[in-house]
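Heads up, there are several structures right after this.
Both complexes below contain chain A, partnered by chain B and then by chain C.
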Partner chain A sequence: MDGERFPDGAEADPDAQGDAPPPPPDRAADGSPGPQPAADPPAGGGGEGRDGPKDVSELFDLVKDRPCRVTEIEGRGFKRTRPLLVTREMERVREARTLEEIQGHLAECMAALEDLDLFASVEGELLEGDKDSPDTCRLVMEFEEKPPWKMHVGTYVQGHEGSVEATVGLRNLLGNAEHAQLSLDYSSQKSSEYAFQLWKPRLVGLPWKGEVKLFNWLRSNQQYSSFVERIRGVSFGLKCSGGLHSFTYDLAWRLLSDPSRLASPAICEQLGHSLKSSLAYDFNWDKRESSGRPKSGRAFRMRTELGGLAPDSIVAKYIREQVDLQWTLPLFSTVSFTLGLSAGMLLPVGQDFLHRKTAVGDRFFLGGVGSLRGFEARGVGPTDARRRRTEQPSHDADHVGAQARDALGGDLLCSASAAVNFDLPHSSLQWLGVYGHAFFNAGNTMLLCCSGRPLRSSLQEFGASFRSSAGAGLVFPTVFGTFELNYVVPLTFSNFDRVKHGMQMGFASTPFLNM
Partner chain B sequence: MNYVLHKWSAGWGLPSLSVGCIQVEAVLRFAGLNVYAQHSRLPGSSPTGQFPALEHDNDLVGAPVGTGDEGEFDAMRAVMEYIKGQGEDVDGHLTNAQRGELAGMVALVQVALEPATLYTTWIEPEGFKKYQKAYSGVLPWPLDHVVAWETRRAVVKKLEGISPQKIFEEAVAAIESIADFIEGQQSKGSYCFGDQPSSLDALMYGHLQYYRMAPVAAPILQRKVTANASLLRYLDSISSRFFQEEASPPPPRIIPEEADEEILSRWSMAAQGRRSDVPQSSDEGGRENVHLKKTAKWWLAFAGIMMAAYAFYHPPPIRVQYTDAMLDDDEDDDVDS
Partner chain C sequence: MGKGLPVVKDSVTAGDASKPLVVYGFEPWGSTASSSSPFVAKVETFLRMAGIDYEANPSMEGSPKGKVPFIKQGDVTLGDSTFICEYLKNTYKGSLKTKEPDTAEGKAIATACQLLCEDHLYHGLIYFRWGTPKGWAVTRKYLSGMVPMLLRPVVPGMVRKGLLKALHMQGLSRHSEKDVIFLLTSSMTALSNFLGDKKYITGDEPCPADASVFGALDNYLNDDMDLETSRIVKQFPNLVGYVTDIRQTYYPESNPTKFKTGAK
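Coming up: the complex of A and B.
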């Protein structure tokens, strides 16, 4: 840590001092001048005949086990932050009994302070303590607070949809490490998101982050599924430090509508108002070297969602489970192999659950970059024929200007990917983090509920109708996800799938899913 | 050709809880059309987002996009225009003079009765409380209250600036005029313009039967209708002749494409008359021909060879070459230490 100093007057270890070498004889036996006297041993002693510690780390190794405890902690540089917030994190340092323990506990404190996202820099210094107590020291911390506001503006492109996002945030206005953020997102497909978020890390001193979010989302799925989804509600979240576990409760008013009036009957049945009340648990274990360009490591993510948590029996209850796994194995210094698996299931809860339809907004969709390459976004899975326009433009006799079917999504999802990732030879591309990959993807999704078939028959058909594709391309990792430019060849597909043969590009917004 | 009417479900002895739906159904029945009724008690679940909505072949007719439940009369008018446009004009038998009378009476109904119906249903506290129960049992709490209140707010905005006193006074005056008109026409037939019903009969039947039967109707409106024997006879004649039976629901939908696909898939590509696994439908820019497994296998093999060649034989991207000067510096460092 910058400015850390060890206690002054640290005595050299008497055991480390060896006997002084015997004085050489003035003359050798044959009369030639004897060997020159050895240089005096350096001050501070050392090992038997050795030099003293050469640097701080060696000196620290000598004294790290010595009794030492922090008796006073002083923090400086607070403008808005309440000192209690910081001293509460630093208290664990008092439990240390040796320098090594102090160092370890200080590292933990720094991590906890970093979680608060309040400080641009933190510097600490250990000073000698009371002269009457030689095994004590004082800890002085210098803090530089981050600005109280933050702003971000960005544009993104995903498939055929471009979007603009702006967020404005306030940080630590009241001094209790609270954060507030207002975000606006608007896309070319007329989707929009407005959200106001409040969160506080280290909630009541525990290693958990509490969050409340009010949102108003308008998601246009008209292009692929002929419906527009408006969701308004509130979300409460608890996330542990490190992000390993998190719990989220969503209470939202959901309205599905079809402004185009071309929706298929399967989508028309889903239109209208509904209430979403769900509790979700996320487990996120990521030991990859890097999420953008993993060269080694494994990652596992699981989400369990229980919906319909309302006293009213009208609210449809369901359970939704999704599991994602990625494993990267280094082959050579610049080449790695990545294997990814993803599976999901959505089922209503209760009697005759297979005879009750699931909500289209909760289903799984497959297709597109980051999901199943070689297919359009949401281009794989069950579909239903849209209403055909009575009046059609004379140049569009084959309806080629309009998609003929709605993607309905599936209750069951399974996909896998294998890819060889390799660095590109050009140094500038390596510096940008751009790399190449060759991949094989496979996946399938289907409806289980109200399918009109026995469950066994559905599962058999699911296994027999997997889609697959292969290809190669370039990957551009960014902080918002990976952007890919690929050449893809679909290998197997169904009649109503929307295949994308040839060049395909897009964002895989969640790097984890970029298999 | 069949018509499918998406409407609010029946209740309170009425064919529908929505006056607009009653009016549209009346016109369809007057025209003798084959009508199926898709009942729903879920607001917003109509394919157009509000009731009534009419499906006919590939057409879907309803109120303008973005209109909610407060736009039921706009939806009704759009549907009636469509029906007329399909050649099913229930006013086709009217003379020019009758058409003139029709226009005047329709305007009276629109200006005087529609606001009263909306007000007593959505704004009058007692009426709204009873009508809101139609949402309960269909939507979960608190959504039933939220959705109902959202529609109420839209109706309040629609009737902004009109006092309830004026609304009910004009409605009462309109009912009296209608009653006089019907009494005056009874010598010529059972309906407004003779023995054949017209669109005016459908409009009047919807409002007057609603005031008569629905518990949400304001007492002054209900009294005005039930106290007039001519009106009651008129309403009963329409009910007994055209609304004896509920319209049946549409038949189960057959999905020809998927059924055909399953049967066809059992045959070979050649037997199906297809060259390869080319998708039947395409999007944006014409048909795509995808060459399957044969070329894909060769492509994969080529890609695999290229990957292996790159992995094993590509030169390292950065080469470190020691110069004599660097080596000399190293030796000097060794001497100094």
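Coming up: the complex of A and C.
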């Protein structure tokens, strides 16, 4: 199917003006319409006894407010794509009444079509309409489809793990912009992830993206918390275009085990099978510049999760809330100030909720570069002693025996970070994207539930036991992630925190580490 | 270069008797006097025989070696029924109502009976409850009650697979059913001969080994699953009488097992 003529539903415009010249051919290419030199200069100008307009932009300004409609839309170049998919997007062009409006609507259509991730290029051309219907034009769209398969291999480092990721995907399987993707992920800490995803932007014509994902994750938390988590399940997602709102439902089987046999009693209680059935709403508002150094902008992210949605009473119900705010303010010359705030809360739902333990897989962890500098990864918060014969020398090279205590995570998290970012004086460093920063971090996390204390005293202690640190260093944005090299001085810390005084380096972990 | 044995802490040998004692284990199945696990039943029966006060918790969360029974008393968490009994003997020394056997022969008989039940009859129970289709159909129902509904297709099957694999490595499931019945009957004959017409294994007073033997036999006889296990024990009237006697003495109607939850 090469060309398609789309039927015209509009009637002839009764208000056509008498002696207006036909609109010139206007070429719009790849979503950025702009007047380009026309093939033929138009015959006759707007007035009498004047020279014709000098170039197309002047001509455009003369005619842009004249009534003009698109009466026919033609699409060429479809091989696998269903025409209906494109028709829906193009319909809005018909609503335009002047040339300027047509141009605006056309730009929107281009953006929408690009969103579908189906076309390597989209070109549109406005041509003059039928001679007997003045003030009309035809739109001819040329599409070039992307190949049906795609592949990607990459590496990234997040927190303490380096990972290799490979994805293989199929595009536009049935002609309706469905995408399928198989991804495999392996990391240095023996975590692995297999996922199969199916998604479709413009679900039933609405600007929402629907997604189904089957996954099998193996996450090794052995180094810090002596357990290995295996999660297998399915996830259904609905995301609005632009990514502002999204809804996800996860149904998974979680199995926590301890191959090292060293877990503390608090972790032992968490081992075994459990069901994860949760509905989450994400709000993601990001107005930051995406390039290397943060110079200005704000971002606000929020995630609300309602878990334990199952008919049995065995499955514990909980509510989890996580909020993350970042604000960068330019100060003077190249210096900017960044303020970041994160807060999180995890509470079981039901009677006696303070007497029920939360699941360690849902809790919040604090510590490490990007999270709370001056402390080791997951080094802040409640801990419990691992089982170990004290006389036994640490006989192994593997990490499991290196720590005496398990990090348990917390139900309540609060952390703040204030930093001043500046460019470094040497121009070669600037070219690399490296910049310097001086920061102050503070944060705390603790367990609220089943702590044996009344809520009031827990909260008082939470306020009193905030950890903080200050320091300065260099930041290297790399393809793998953001790498930081800092000199940190921890200012306040609690017993059993794993404190890192002095040089600390590592890849920054993202604040939103979920699931 | 294999990983070798994992590093495990030594078991605690004594604790604080003034703290409350909680025992964790499975619920009774059918009409067993105590738990459906012979080892949990052993611990509960020992506690009753020795006159120690305790609370029961029919859940498995937090077990130190991944198995039940395990106990918690104050700061101590302890697994494995043998070490639990040793711990209880040391912690409550002087106030136990059970008696160790006097003679060397008595001690030998007690140890032999205990090992026979724990290391042989136990595997026979697993074979019939988890291995045979009839037993598995009922076991699965009990297990499903402990697992969230959406995980029921997956988790019981996994647990069964693990247990049967262990049974295969141990060796019992490599025999035919008739051979297994033969092996179990031989052991049961030995047990019956040890008991003879005495009230308890070593005489008139119960000793800790009686808790073991009772735990195994009660589960063989009274789980109401209509398996070969009950038929094997019924061939020995003195063993049946022994079980009934201990049930009446230590699990009367007025004081049933603490592992039974009212809700189920």
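Just so it is clear, the second predicted complex is superposed on the first by the 418 of 515 C-alpha atoms of A that agree within 3 Å, B and C clash if a C-alpha of one lies under 4 Å from a C-alpha of the other, contacts with A are read in each partner's own complex, and residues count from 1 in each chain.
One rule holds for everything that comes next: contacts are C-beta pairs under 8 Å (C-beta built on N, C-alpha and C of every residue); 3 or more make two chains touch, one makes a residue touch a chain.
Small disclaimer: the values here were computed from a predicted structure and weren't measured.
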Clash-or-fit label for the pair chain B, chain C on chain A: clash
Chain B versus chain C as contact partner of A:L491, first or second or both or neither: first
First, second, both or neither for A:G243, with chain B first and chain C second: neither
Contacts of A:W253 with chain B and chain C, given as first, second, both or neither: both
Partner chain(s) touched by A:P454 [first = chain B, second = chain C, both, neither]: neither
Partner chain in contact with A:I314 - chain B first, chain C second, else both or neither: both
Touched partner set for A:P148, first chain B, second chain C, both or neither: neither
Chain A residues touched by each partner, larger count belonging to chain B or chain C: B
First, second, both or neither for A:G162, with chain B first and chain C second: neither
Single chain B stretch clashing with chain C - from 78-86, 96-104, 240-248 or 258-266: 240-248
Chain B and chain C contact sites that coincide on chain A, given as residue numbers: 253, 261, 265, 268, 271-275, 310-312, 314-315, 387-389, 401
Chain B - residues contacting chain A, complex: 42-49, 57-60, 62, 65-66, 137-141, 143, 146-147, 253, 255, 257, 261, 277, 279-288, 290, 292-293, 295-296, 299-300, 303-304, 307, 310-311, 314-315, 317-318
Touching residues (chain side chain A, partner chain C) in the complex: 251, 253, 260-262, 265, 268-275, 277, 310-312, 314-315, 387-389, 392, 401
In the complex, chain A residues that touch chain B: 253, 255, 257-259, 261, 263, 265, 268, 271-275, 310-312, 314-315, 331-332, 334-335, 376, 384-385, 387-390, 400-405, 420, 422-423, 425-427, 430, 438, 470, 472, 489-493, 495-499, 501
Parts of chain C lying in touch with chain A, wherever the complex brings them together: 6-10, 60-64, 66, 77, 146-151, 154-155
